[in-house]
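Just so it is clear, A, B, C and D label the chains in written order, and each chain counts residues from 1 on its own.
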Amino acid sequence: MLKYAMIGGGPGAFVGEVHRTALALNGQAKLVAGCFSRDLEKTRTLGAELGVAEDRLYATPEELSRLEAGDIDFAVVVTSNEAHYPNVKACLENGIHVMCDKPFTHTSAQAEELVELARDRGVFLGVSYTYAGYPMVRQMREMILRGDIGAVRFINCEYPQGWLAEMLETTGHIQAEWRADPVRSGGTLSLGDVGSHIEYLVPHVTGLKVTRLAARLDSLVEGRLLDDNGTILTEYDTGARGMYWYSQAATGMVNGLKIRVFGETGGLEWFQEDPDILHHMPLGESARKIRRGTPDLTPGAMAYSHTPPGHPEGWLLAFANIYTSFCNTLVDGEAVDFPTGEDGVRGVRFMEVCLESSKNDTAWIDMT
Amino acid sequence: MLKYAMIGGGPGAFVGEVHRTALALNGQAKLVAGCFSRDLEKTRTLGAELGVAEDRLYATPEELSRLEAGDIDFAVVVTSNEAHYPNVKACLENGIHVMCDKPFTHTSAQAEELVELARDRGVFLGVSYTYAGYPMVRQMREMILRGDIGAVRFINCEYPQGWLAEMLETTGHIQAEWRADPVRSGGTLSLGDVGSHIEYLVPHVTGLKVTRLAARLDSLVEGRLLDDNGTILTEYDTGARGMYWYSQAATGMVNGLKIRVFGETGGLEWFQEDPDILHHMPLGESARKIRRGTPDLTPGAMAYSHTPPGHPEGWLLAFANIYTSFCNTLVDGEAVDFPTGEDGVRGVRFMEVCLESSKNDTAWIDMT
Amino acid sequence: MLKYAMIGGGPGAFVGEVHRTALALNGQAKLVAGCFSRDLEKTRTLGAELGVAEDRLYATPEELSRLEAGDIDFAVVVTSNEAHYPNVKACLENGIHVMCDKPFTHTSAQAEELVELARDRGVFLGVSYTYAGYPMVRQMREMILRGDIGAVRFINCEYPQGWLAEMLETTGHIQAEWRADPVRSGGTLSLGDVGSHIEYLVPHVTGLKVTRLAARLDSLVEGRLLDDNGTILTEYDTGARGMYWYSQAATGMVNGLKIRVFGETGGLEWFQEDPDILHHMPLGESARKIRRGTPDLTPGAMAYSHTPPGHPEGWLLAFANIYTSFCNTLVDGEAVDFPTGEDGVRGVRFMEVCLESSKNDTAWIDMT
Amino acid sequence: MLKYAMIGGGPGAFVGEVHRTALALNGQAKLVAGCFSRDLEKTRTLGAELGVAEDRLYATPEELSRLEAGDIDFAVVVTSNEAHYPNVKACLENGIHVMCDKPFTHTSAQAEELVELARDRGVFLGVSYTYAGYPMVRQMREMILRGDIGAVRFINCEYPQGWLAEMLETTGHIQAEWRADPVRSGGTLSLGDVGSHIEYLVPHVTGLKVTRLAARLDSLVEGRLLDDNGTILTEYDTGARGMYWYSQAATGMVNGLKIRVFGETGGLEWFQEDPDILHHMPLGESARKIRRGTPDLTPGAMAYSHTPPGHPEGWLLAFANIYTSFCNTLVDGEAVDFPTGEDGVRGVRFMEVCLESSKNDTAWIDMT
């Protein structure tokens, strides 16, 4: 099993926990070291909870980055955006593979420097653009690659959210505060936060490169200092055209990432809020709903699929919830709400009675 | 952290792996012992993979069940259905808490015996009806409990699947074979496999008890020995009425569990293939889409919610997929397909260019 | 052009107006005679509005039914249900073809008598089950007929409405009052009103005949004298099985007629609230959305299609609404809200400016 | 009843027939004169079919336009686009009210001239932008007007179609041919055909005026001379921003007009392919599905609604289809497929049997 260290992701940090959960699900790597916070006490408290050995909890990322290659296999950097650059750099300089949260760095000069460094030291460097991990995004990519829709002509990709339709940054809302601060965010609010997902997804799925763009960034909410909405016209190396729209001020929208790709012989559409379906519209034929887990899947999409068709992947979390109630019961010695043996008895009896009724020409059976 | 043992769930057993993954996600318990297979070699191989100590891998469930209370906190029983009864019994007799896969036992006499036993020994006994773990099922239950739709009048619950629309049991299909065998399955095919989820879900959500039922079980596929479809009329202790339909021969249906509850002042509908939405239809008003993670959630539903609104819970698995590609790269020393630092560079540059274009009145910027 | 008379459908009668509108749309027949109401004055007022000659407006259906064959081609009977029998009978006895609203008569003896009579006199007798007129219902019928899903095994047809979830019949609500009255309605409330559509649709679409049934009719709303909900188990002449559910007390449901037919090699699903789509689920393949107006349509479905694909058929009514505003403007000499020449100017200018901007590399153009 | 003349709309012309059907549905006006084609014979043949008096069928629009005010109330101009200008002009000069098909004229100078003329002569001039006629578009307009979503901040309006994803204009496809011809179409293909609907809809619904725009028009299909796709950035008089996308080369899209308006306190979304629903997303609350025909409707939306809630407006056309089969039966004297009295008998018997079964505790009843 691989061993990893985490920089950032202290108590209450949402994204750090997501990375740890993803790695737990994945089952290939184990957390063995951490510098979760600038406050060593916080790092120690969380480290204890997570079962990290005390001598592998560090006050600064620099100390952590001096771990030997044998001690850890890779580091996960999930600090606030402005600290990505120095932390990733420290790790790479010490020959440690890195997975960094997105957006990567504040400037492209910094980003290029890190990539150079990784190349020099011969280590791997990743940036966690989550949406590439969806099975049906992989399906879309592989279908386009194998020519299912012919040459791509036009791409419409949008990512509207609505949670910043109010001026949250002045209300003490932590997530809004640093994102909306020109200094800490690196000069963009929503372009960095959600537009960046569009930027990654389109070339990932289509294989095209942007050659030219024109953008209008808007601050729709009065008083906001940075962009909360934007429209971008694009042109690609094949002559294809595109348009992107991102927003965090689209009142009432939740997390509406949608990508539509139109080619010579078909169209494809994927919507993140209904992620198990890829809509395929072949020229001149009825549209098809390609579903995760079914025989129409490409090998890459099949490899990324964890649950049977029709079982949303959150089904695993439903399972986990049952165990949470059960474990809480054991810890507290008092039954919390989970399906019990009594429920099991009732269930078995129900089946027996159904069989009996059915054998008797649908006779009514009393169950009291 | 709690310690658990697993009985069943050997190499290739789907449901055992689901239980282990759910517990990994949950993070409250650690696998410390196992009797995964009747073949000790297989148990040893899998145990090594899962990091279980060699002296905690057993040839028979009986040996495992003799573990001391201090050694494990609970056992998970995920054998084939006919072995649930003896295995659960052995654990309970030795004072071990148990979570058993569903359906529980072959007969209600067996089920009652186990419940009695658990009560005698003062241990907890659970049956893993997954759907109770969905946040919006919890929401439905709590809304009904607090009177949001008034007294319940009618329930329509259906669970159509289509994967047994063909005679798979004679083609060597393992999943179909034991389920369709009158002896191994316990006398029902689809009633036990999917009908049982309806049976659990309706009282769980509504609080009602079935007082009388009439059932017609069908074998729609020619040559099939057991039921693959069924319709059940129900009556409840409050006078409410209901109907259930389950099927595994509904050609083309995937996993269509849907529950609709109609009360005096409103209706509620939940569909498992779109699990983050609960449709609420208040009498005389426009229907509402209540969404996981939003302020309209009840406390129980909120506690069961793992990702932000609009991010399907499978989003965590997308994250895990990224890490799978990354870990495989590290293991093999060869870059597999994951978002790289180069992608990160391109992303940062994209943002810089968007800002520049926007500052220049949406001027086109060359990116080549 | 054919000539028709109408019996019933007086001022304020919803269904009579629907029949007249349908015939206006159809364009094959012209209203030339009427006995719209038991009150001759009302018949005369409405007749004048509708352009019917004064001497063709009658005090009683009997008088009307004595019209000569040359004077009218057929009669439309849209009275309240209890008057269907005598009115249809009078017309048939006088050799007049009849289209009668559904449900047909109070007793099957009456219904059989009328059919016999029509046969004797050699005239045509229709009953207006609307849903047979939907293009995609026709598609479903023709696909099943030509074997697209193999032999039918199971049918699930449901028709839930919610408008009678309250005790409207005692509040002076006219539509509810006669329907809920045991005498005037003929002994059923919702079975006659909505269940009857299921009864017609299933054999129409599948070609199967019900050989045996078991039904439970419910009065879910306290105080109601007749059924407002019902579940019916069916068996068909081929051995296929089915279940029907109808309701007018399903709180919050609107007009949810849905039919699902499962065959050996595929499933089909049609939902009345999304009528232009037929879902086809071929065994082992991705589901298809067959859309009204496209090349996948059967000849019968194509013949029933009035607007281009993707234009819901209500599009014609949107058009009609524009003309309503325009005509009202002409009648009143005062501009009501409709798209004007000024709007047209703005539209043409918009296009000119778009072309200019596009020719100038997406330059911004001032429009003020 | 008003009297109208039609210019254009000859045999086989789709849009002319749509206007006539809309006026038939509307019931306020009667066709009394026509110049349907440049070929008088064709005008005479169609005129006879439509019941227009022979002396009211004209060889040229000019002759028709000399009709006296008392003879007709208004003219409908549905010729090809390039003939709109002279024909509308002729009518207006003779004091005749006009409804003209869209797009209005080739140049805005022409359009302005016609508007001036109408103003001078004191006659009404309309342009038939259909989508303004949808009840839920009216609802959207009235909700925004009364402040339901606060000040509008951003508008996203798109209209993708896919029928021109192939080079149809060189295959003899009549509809494609004239639209794609730079001369006959007036210089744009899809901007005029579908983009024009967006242009009208946005100010109609929001009350905003475009002050500045930047557009990129694309020819996505190789060899095409005009635009088949376009993206337009807009700014409005209140400072609100917007983006439009139209396409006829979006492979697989059918008729995807969608408008989304985001305001300070809520968002609204309407999709033409599901026209009876308006999605309302109030800030911080669960989204609502406002449905045509329900109590949440504004007065204007209610006035435009023709069928009960849940009955798509195409329901009237389903009705009309039944009558078509019936009328064809009468004309041919041979039963075509329509619901017959025999169907009625079976239906009444079904209800009797259901009642009997239900009275006998859901007993099975033989129907053979």
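By our rule, a residue touches a chain if its C-beta (ideal position, glycine included) is under 8 Å from a C-beta of that chain, and two chains touch if they have at least 3 such contacts.
Every value quoted in this text rests on a predicted model; they were computed, and no experiment measured them.
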Using the contact definition given at the top, which chains are in touch with both chain B and chain D? A, C
Mind checking chain A against chain B and telling me if their interface is mostly the same residue numbers on each side, over half, or mostly different? same
In whole angstrom, what separates the CA-based centres of chain A and chain D? 42
What's the distance between the Cα centroids of chain C and chain D, rounded to whole Å? 22
Centroid distance [mean C-alpha coordinates] between chain C and chain A, Å: 48
Junction residues of chain C, two or more chains touched: 214, 216, 233, 280, 287, 291, 362, 364
Give the list of chain D residues in touch with chain B in this complex. 214, 233, 280, 284-291, 294-296, 362
For the complex, give me every residue of chain D touching chain A. 149, 153-154, 156, 158, 160, 162, 165-166, 214, 216, 218, 220-221, 229, 231, 233, 241, 243, 245, 247, 249-253, 260, 262-267, 280-283, 287, 361-362, 364
